[in-house]
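Presented sequentially are two complexes of subunit A, the first with subunit B as partner and the second with subunit C.
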Partner chain A sequence: MSSAMLHSLLDEVESAKGPDWLKQVRVEARTRLLERGLPAARNEAWKYTPLRALESRGLRRVAADSQSVGVDPALYTLAGVDSPRLVFVDGALRRDLSDLPGVHGLAIESLGAALEGNAESLSASLGRSFDADAQVFARLNSALPGDGVVIRVAPGVKVEPLLHLVMLGNAGAADGYWQLRNVIELGEGSALRLIEHYAGGQGCTHLGNVVNQYSLKAGARLDLLQLQAAPDSMRLIRRSDAVLDADAHLEMRCVEAGAQWMRHDLAVALQGDRARLVSRGVFVLNGRQHADTRIDVSHRARDTACDLVWRGVADQRARGVFHGAITVCPGADGTDALLSNKNLLLSDQAEIDTQPVLEIHADEVKAAHGATVGQLDEKALFYLRSRGIDEAEARSLLTLAFCRIAFDSITNETLRSQLDAMLLERLPRAVLGGNAPQVAG
Partner chain B sequence: MNIASAGNAAQATEAVVSPGNERIVEAMNRRYEAGFVTDIATDSLPPGLDEGVVRWISKRKGEPEWMTDWRLATYRHWLTMHSPEWAKLRIGPIDFQAISYFAAPKQGPKSLDEVDPKLLETYDKLGVPLHERAKLAGVAVDAVFDSVSVGTTFRKELAEAGVIFCSMSEAIREHPDLVRRYIGSVVPQGDNFFAALNSAVFSDGSFVFIPKGVRCPMELSTYFRINAGHTGQFERTLIIAEEGASVSYLEGCTAPMRDENQLHAAVVELVALDDASIKYSTVQNWYPGDENGVGGIYNFVTKRGDCRGARSRIIWTQVETGSAITWKYPSCVLRGDDSTGEFHSVALTHHCQQADTGTKMIHIGRNTKSKIIAKGISAGRGQNTYRGLVKVEKGAVGARNYTQCDSLLIGKRCGAHTFPYIEVKHPSAIVEHEATTSKISDEQMFYCRSRGISEEDAVSLIVDGFCKQVFRELPMEFAVEAKKLLEVSLEGAVG
Partner chain C sequence: MLKIDNLHVRVAGKEILKALSLEAKAGEVHAIMGPNGAGKSTLGNVLAGREGYEVTQGSVEYDGINLLELEPEERAAAGVFLAFQYPVEIPGVNNTYFLRSALNAQRKRRGEAELDSVQFLKRVREKLAVLHLKDELLHRAVNEGFSGGEKKRNEIFQMALLEPKLAVLDETDSGLDIDALKMVADGVNAMRDPSRAFIVITHYQRLLDYIVPDFVHVLADGRIVESGDKTLALKLEEHGYAWVAQRTVAGVG
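Moving on to the complex of A and B:
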């Protein structure tokens, strides 16, 4: 089970700073990784995303001296989104690119700085052991020292500005590895709007490994947009773990529009009564892209709700994988759970694998899921053509409309049209010219 | 799908018995009705499994050498395999050396008249329509008592139509070419752990061959019955429908009450050539164990149909109410262009029963269609899992699938789970999957109760409505039996 990739990364871990408990966590994670290696192809959690190709590769952590390299501002800016902005390049904070005006009630510091301060307050987040096979890369993240950000919102504070967190892989050494660990804590009754923006320089072949841990205290609300627009040469693994207390609300949108190979594990625990998760997502793949999204929602308290709507488009030789599991634990009465996953398959070389899962252990429950794989509605296509829109354009329009459910509730119009443009670029025969009709909202 | 609101009904669905409710107490304590053991001396093998046992079984059944070799090769392969662990089931370790792999009634009957009257009595108790009753019911029965076929009725009428309906042992002796051509062609010897075990030690089963253009004149039926203790049943069924042929096959099971877990690992293979159609219906009512989960049958079955020819059609219908553990995925390989596969299922788990069941639809040919309707009912501490795969291969132009899985929960401690796998590799395919989970709604109960319908009757009425889509697919006699079975199985689920 020995893996060249794990050895190449883990063999050099020594002498990292940090409190003793953290060193202990690293040692344990490292030992377990070297013992067990990466999960084999038969493993359920990696059934559609085999790790064999990755396993045999030697990876090197991106050297610290790459930090001075210039970065194209186009990579880390988004129209309609200004400061505060926090930019990480190759796993390290770039203060020169970040812009952090002080905001009342919002504390932002790098993980390194936070560990030098009150490290104990992070022990619950950083001390978490990731034992399941699906969590093997989070375990790798725990085994290695690395940077990240700690964001804390004070109780009762509703942060007004939209926070832009950028995680970049810059072009540079081949087979580079970088990682980030972000801890985001919302105090009671607080609110935050956050954009997590994953990107990279053209031709960047890094493997990025990001673990995000969100904790929403009672009545808190987090509006989160994860925009993944990494170049088609990059590989990206990320895990988003959220724990919601009573009446907390997580509104999450994911747009997967990049990376050659990517895996996203989204695990949400609805721990308090009436906690609520709304999740919208879309992936648009072409070329030889591979995207695997694995959602795991666990209802652990009464009257909790989740509403998951995901869309997928795969063209050329791409492969899209979706796994959406909803678990209703014993006693979680009054749960209302809904999952819808629809996919468009545009080429006979592409593949979609979808697996909606329900595990129900309580009876006062309303739970449903639906999944489809198919093509555009011929009638809708005919309608557009009868209005004088040529076929290619009609297809683009309908496909965009299909994807848009992931973000059409975003109120920031500039941002929304930028997302539109980003997806259109990836859709086949995107021929929307200047005189084309506007996309219906 | 319905909305469950908290309130009085929570109590209604709890398995709590109020003091004055004697009828329900009685129903809850009712013993398994088909639980009796017929006392017949059996010529069994001592427990244990090795190459000698495989050879002994093959020799005992007078099989040709190729069959013995086939079994041995499988046995050797089986030794390298591991029991599957992916199902959502809690299975205690199974000691394969503690099982006796062969039990046959001692007197070798040559015709029905020679059949041990006690044996016939057993069928009588179960209501198997043998003899005159068979004629009246219009059903040909190939009754399997433990592992050897005892009698086959309606042989003549079927022979006139050219249909071969006999036991597997007989088929191996009398139609070796047919058996050799088709056996293992749908479920390969090493397909999975339990199928491999079956291939090595299968004792008997049914063989059906419908020649070209023949519509089988009657519904064929096998009544399985596990009788001797400690004996695993390893049935092997092979049904072949040639070009344009059609057949409807019924399988039903009951077993006597027993304390140890009994292993049952059957293999069913269906082959449908051009324009052929096979309908395979099952009512499974094996001993589920008692209310504490002691005893009961382990039912690990591999069923697969191969729509080999163009425009062929295979329909699986199952009503699973028995067994302590059910592990069963009747599947269709849609190889022929324009072929159709269907799966209709009702699975009920009560007390400590566990079921992990579903289907696989593999679309390979062009314009292939499949439909899956699965209804799961969980009561008591029962765990019910639907697990299904819909796979559209690269060449399956115009493939179409519709899947609907509904779960009904009765009580607070049961579980209902859905694990569908959808894999699509062709852009012209349309695959749809829907699943819902709910409990019997307060409104439904209130409506029935206000009309003077008792709680138990109301539940069975609602459950019957829930399952109607599947029952409709069953042959008439089976539909009646299935409905009754559900009622009996759900007794004590509400109070």
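Moving on to the complex of A and C:
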């Protein structure tokens, strides 16, 4: 299927600079894109998120001269989170908005700068081919030259400060496109805490396409919060690929509190023995928002574990999609896998589609999964009202409580309250005055 | 304070309360006893305003107003409190936050000043001590992970904090050991007051050893079939509910 959208973007590929192997990667990706186009509606991975509307649109790369444009600090700051901060606007690094004090054992550079240095060290990450047609946006990301960040933590280093990575779409040209490619590598036994913060200026209609590649060497631990708070006019596609070696631990929280249309593909390979993924997530949708989360965890070694708890809330005419697949590969004995997905529909016209998939090819596996779509618990609602809390507030309170499982283990209270506030804003009739409700526990 | 007249209530198409009448004045404690399925909990739920309870006939007057017209939260602000037979667990909602929201929502509706956190906590600590509840419960989610006894004591604690004018206790004694039962009774007795009325719904006489009622009513098949003073509870304990049923039939004949 030919696509106006792809053609409009792919013209610049052949003239782009870079090492030969990278040029080769781009050309190959471009060729496949032009051959295969966007996946059709019958492609299982895009069944609930049709691309028809996108296909016919001509998109334009947002010009790099946006470097000088003013950006509201409210867009790239978070209460309770200080430096180091790294800010990308419209796909380009803004050094003037970033604040990167030197931290021992932590190397941060833009992808552009990294490619001018030891480019070879990035060939495995950037050279990755996205073979499935469903991975079309990652393919597009590979085909086009662009920036991003390369974060490397030296073996054994436990980075103390919380790193804040901001990816903004700034208001501007309609149908703008920008992309980022982030490579995050944790050396053996190292540890990093990272917030990926997706946001945008009010009314921004960009399509952002972000590919994150995480590599956790043996015993490394990454605590990751992906906070997606893009304006309701923006479209955002992101892919998060993680590979975990033995005893590595990825603790990941995703809060989807924005974007008009968004898709997140989270693929985690538990490659080494005893590697462990804990993933919590929530989306809160209203209006005509569309959010699609697709998780693919593969257990490829012994005694690996995943623990996935996701929640979804949809109001008005919003549509949420959740697909959670866990594959236990042959030989991955001792796997412990848990997937729970609960959803709340706040309106008759909202829709949430959830699909847990468990595929087991090993023995001695502990696996459980469950998914539900329902309404607020009437008993709890009556209980709160019988104590004097009015109905609208009781509903907000219960809905927020339902969502909190995604982030209630965050110890930074200020940040947690801000997440509360962000979600509350999206809930219907959010009439809670004064302080945001406290998190239990 | 409370005047229930000829109340008929249907639940899921089935008539549960049939011509129930009851009057409670300020300062009185009324015990309502009766066999399973008599409609005891239905009475509590109707008074608190739970959905799904259809009043087909009769009236409930509270402090001179038609209680049945009020939303549950309006009833709470007007001073009606139901201690639930099965308190609900609400994960993710902090107990302290819940209590303060409830108290301040009621006060706001009544046109009273809201309490700040210092005033609120002072009041909380006083009441906690009476119920022998641990501070730690305040930091947990509402009823989550509470033992059966803790849940019931938490109900009475909420009552003490909210200071209602009419308190309906729905089988608050069920599932309590003797120590917890005494704590609950202490909590209730501490609140007995000339301006406050209690309706204590119970299956067993035991609770009434500790909360001594002014009146005892027997509820059977949806209506009050016998009323008396506290000695009625003792007779029931001795003879069982069948005794009341027989007497009623005899009376009709």
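Throughout what follows, the second predicted complex is superposed on the first by the 434 of 441 C-alpha atoms of A that agree within 3 Å, B and C clash if a C-alpha of one lies under 4 Å from a C-alpha of the other, contacts with A are read in each partner's own complex, and residues count from 1 in each chain.
Criterion: a residue touches a chain if its C-beta (ideal position, glycine included) is under 8 Å from a C-beta of that chain, and two chains touch if they have at least 3 such contacts.
Everything quoted here is computed from the prediction, not taken from an experiment.
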| item | value |
| --- | --- |
| Combined model on subunit A: subunit C and subunit B, fit or clash | fit |
| Touching partner for A:72 - first (subunit B), second (subunit C), both, neither | neither |
| First (subunit B), second (subunit C), both or neither touched by A:374 | first |
| Which superposed partner A:413 touches (first subunit B, second subunit C, both, neither) | neither |
| Partner chain in contact with A:11 - subunit B first, subunit C second, else both or neither | neither |
| Which of subunit B and subunit C A:352 touches, first, second, both or neither | first |
| Subunit B versus subunit C as contact partner of A:425, first or second or both or neither | neither |
| First (subunit B), second (subunit C), both or neither touched by A:382 | second |
| Subunit B versus subunit C as contact partner of A:361, first or second or both or neither | first |
| Minimum C-alpha spacing, chains overlaid - subunit B and subunit C, in Å | 15 |
| Shared subunit A contacts, counted only where both subunit B and subunit C touch the same residue | none |
| Subunit B - residues contacting subunit A, complex | 1-6, 10, 13, 86, 392, 394, 407, 409-439 |
| Residue ranges of subunit A touching subunit B (in the complex, touch as defined) | 44, 330, 333-334, 343, 345-348, 350-375 |
| Residues of subunit C touching subunit A in the complex | 48-51, 71-73, 75-77, 81-82, 84, 87-88, 90-98, 101-103, 105-106, 109, 139-142, 144, 158, 162 |
| Residue ranges of subunit A in contact with subunit C within the complex | 377-380, 382-391, 393-394, 397-398, 400-405, 408, 437-441 |
